[in-house]
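After this come two complexes, each holding subunit A, first together with subunit B and then together with subunit C.
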Partner chain A sequence: MILYDYVLSASCYKVRLMAALLGVRLDHVAVDFHPGREHRGLAFRALNPAGTIPVLVDGDLVLTESTAMLVYLAHGTAWMGGDTAVAQAQVQGWLAFAARLGASLGMARLHDMLLYAADIAAVRRDGVACLRQMEAHLVERRFAGAIWLVGDGPSIADIACFPSVMLAPDGGVSLDDYPSVRLWTRAVRSLAGFIEMPGIHRLHELKPAPEAV
Partner chain B sequence: MISQAVLGEWYPVAMAALVDAAGRRTLLLGQEIRVFRDAGRIRVTADAGDLAVTERFGHVWACPGTPARALFTIPEADHPGRRLVDCGVVRVKCSPLRAVENFLDIAHFPFVHTDILGAEPHTEVNRYDVKIREEVDEVWATKVHFYQPQAAKSAEGGIVTEYMYRVPAPTASVLYKTCPAMPGEWDVIAIFVQPLTEELCDVWPWMALYDDVTPQAELIAFQQMIFLQDRSILENQIPRLLPLDPGMESPTQADLTSVAYRRWLKRRGLTYGAQMVAA
Partner chain C sequence: MTRAWVANGLSRDLPAGVVMHGAWHGQDLAIWRSASGQIAAWKDRCQHRGMRLSHGFVRGETLSCIYHGWVYGTSGACGRIPAHPGLVPPSAIRAEAFACCEKDGVIWVAPAGTEGDVPDLAGLHPVRSLTVEAAGIEAPGLTGMEILQGSVMIAGQTVALGLVLQSLAAGRTAVHALCGGGGDVVAVSRWLEDLRRRLERGVAA
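Entry: the complex of A and B
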């Protein structure tokens, strides 16, 4: 499987992280997203007409949405979040929620870091609304004795939402006000096989060095 | 009031290849400027008129006052066989001087660039040489040795890397490090820092490497990965401005380059982004 990848992309990291947690090996092709804007060029659009990254290629299959890649990688495992109607519907809800995180916290990060044009006050405000919603949900989950977004174990719902949340400070949005969200990010970072990206550090004090992927 | 010493320096304001007629509106020392291409020539303008401009190392450099001297040189930029890599811009909410100081620091490698530029338990920074080379008025650190798990994109496995560091301008630094692909030569990596304000900067990493193999996108990704690991650290440093006078801080042997850099800034009056009250 080949992942067309960019090291600073939260969406690409989502797929790298899922693969690492599952022990699936990916071959990487680096895309010059910044400053080269290679993803907007004709050659890349022949692969993905939307001109977005990541792209996952497995034989004849070409996937261009990161959440679809999570489903493809995790199919048939406990990472799908359970097979009841409720659980599957809830997972789908969080996969869609991850897109909201990307459009708000993710865009704030691109604005602050790589100088993308954005209404920074508006995207930060939307990001805070998302974080408040997550905090409320995770508080309820903790009262019920759970830590993950859906069900009893980590799922693609957690992996889909984790990168944009963890990188929120890169876009000038602090996580200080969301203790349950922060506890949840610790839970994700303590998973066996967890890998880092710039801006997302491992739990140095808890974990031995992860295997290089 | 910004001092003549600060105004007389050269600062990077754009990646030359990306400057078009529409141009880039940005800040330099808190003042609005525009960088644009006019009949093939790159111009940098402010309210008061055109700034002195020079194009070098893939970037556009501007001087907001009267240039005190010519832009520094990097002779390796002209070596045949080297690949020159423009890495784009990254904005960081920190003092431009702190961005440079962080670039000069080795001791953080195992903790911030874990398993790449350093790894526990190999955390010791051995003694190295630092001096201000009066004849060129630059800060130099030499004979810096450090164990690195993956020193460069072209490195296979851990090696002891030798470094030299150089500060030729207040907001630019150049490092020379062991070249895994060509023993006896140095890879050259620089950061050019544009001071937007005293607490905000645009950082333009640039490289001149011997590496005919690695795709351009991977070279850029490697450098961006390293620099972005630093970004969250830089944005959380306190005080925001770089203190030039010793106070509560206790520098160790590993901080000699930083000490020399701060002393050099103070001596030359390059205090934009610095705090003069002891911290």
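Entry: the complex of A and C
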């Protein structure tokens, strides 16, 4: 499987993280997203007419939506969130919610880091609305003794939402106001096989302090 | 008059082994709980390069800076500098500690050496914290109050409620909410969401 990838992209990281947690090996092709804008060039458009990253290629299959990639990677595992109608519908809800996160918090980050044109006040306001919605949901989950967005274990719903939330400060949106969201991000970062990206570090305390050499 | 004790969240939101950002009248703080459960609040600044200690991590009974790993014990003293493993750090290198205590499930901070008790919320249990962005939270008649207490009707039940206010900035207030025993915490949480929507629309609750 080949992932057309950009190291600073939250959506690409989403797929790298899911693959790492599943133990699936990906081959990576680096796309010069910034400053080269390779994803908008003719060669890349031939692969993905939408001109977006990531793209996942497995034989003849070409996937261009990161949440679809999560489904493809996690199919048949507990990461799908359960097979009841309620669980599947809830997971789908969060996959769609992840697109709202990308359009708000993600766009604020692109504006601040890569100089994208955006109504920065509006996208930050939308991002705060998303974080408040997640916080309210996770508060109730914690009352029920749970921490994951859906069900009793981590699912593609959590992985879909995690990158944009964790990178919110890059777009000028603080996570200080959302204690349950913060504890949820710690739960994700505690998963076996978790990997980092620039701006998202692991929980250093999970390993003993390195000995002096 | 500047109030000494300022609420900084709920104990349930700061489990062992976690550090979070806090504030005392505009002074940024790192508030953390060690593995054994000891809580501490410090000025949010590493003595090395000024990095926020709230970005750091808790390992056992120590808080480490994320930048170069300076390790501070619960007393605030720096006990280890990884780049100089043979060095015993001078005692002058220490985090600036604030007073920090917990009562009725609420975390309170004040300058070191502050005398006097923290407010009493006995009989109430922590629900959740949320931030309200409205100039009107200190509504007419409530200006200057830091704890609102009373009974409200929530989902057909009379619920004893305590709202501890923490002013974060002009027009930004953290509300740390508690309710009486037997209160339906889910219903209270949803009531708080509704209260916030009303306050942010400029509609008094």
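The rule is short, and it goes like this: the second predicted complex is superposed on the first by the 206 of 213 C-alpha atoms of A that agree within 3 Å, B and C clash if a C-alpha of one lies under 4 Å from a C-alpha of the other, contacts with A are read in each partner's own complex, and residues count from 1 in each chain.
Operating definition for what follows: a contact is a pair of C-beta atoms (placed from the backbone, for glycine too) under 8 Å apart; a residue touches a chain by one contact, two chains touch by 3 or more.
Just so we're clear, the structure is a prediction, and the values are computed from it rather than from any experiment.
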Subunit B versus subunit C as contact partner of A:136, first or second or both or neither: second
Which of subunit B and subunit C A:7 touches, first, second, both or neither: first
Partner chain(s) touched by A:41 [first = subunit B, second = subunit C, both, neither]: neither
A:177 touches, of subunit B and subunit C: first, second, both or neither? second
First (subunit B), second (subunit C), both or neither touched by A:186: second
Which of subunit B and subunit C A:153 touches, first, second, both or neither: neither
Subunit B versus subunit C as contact partner of A:30, first or second or both or neither: first
Residues of subunit A contacting subunit B in one complex and subunit C in the other: 204, 209, 212
Subunit B partner contacts - residues on subunit A that touch it in the complex: 6-8, 30-32, 34-36, 38, 112-115, 169-170, 172, 196-199, 202, 204, 209, 212
For the subunit C and subunit A complex, residues of the former touching the latter: 9-10, 13-15, 17-18, 20-21, 57-59, 64, 66, 71, 82, 85-86, 128-131, 174, 185-186, 189-190, 193
Parts of subunit A lying in touch with subunit C, wherever the complex brings them together: 132, 135-136, 139-140, 143, 176-177, 179-180, 182-183, 186, 201, 203-205, 208-210, 212-213
Subunit A partner contacts - residues on subunit B that touch it in the complex: 15, 18, 86-91, 93, 111, 114-115, 119, 202, 215-218, 220-222, 224-229, 231-232, 235
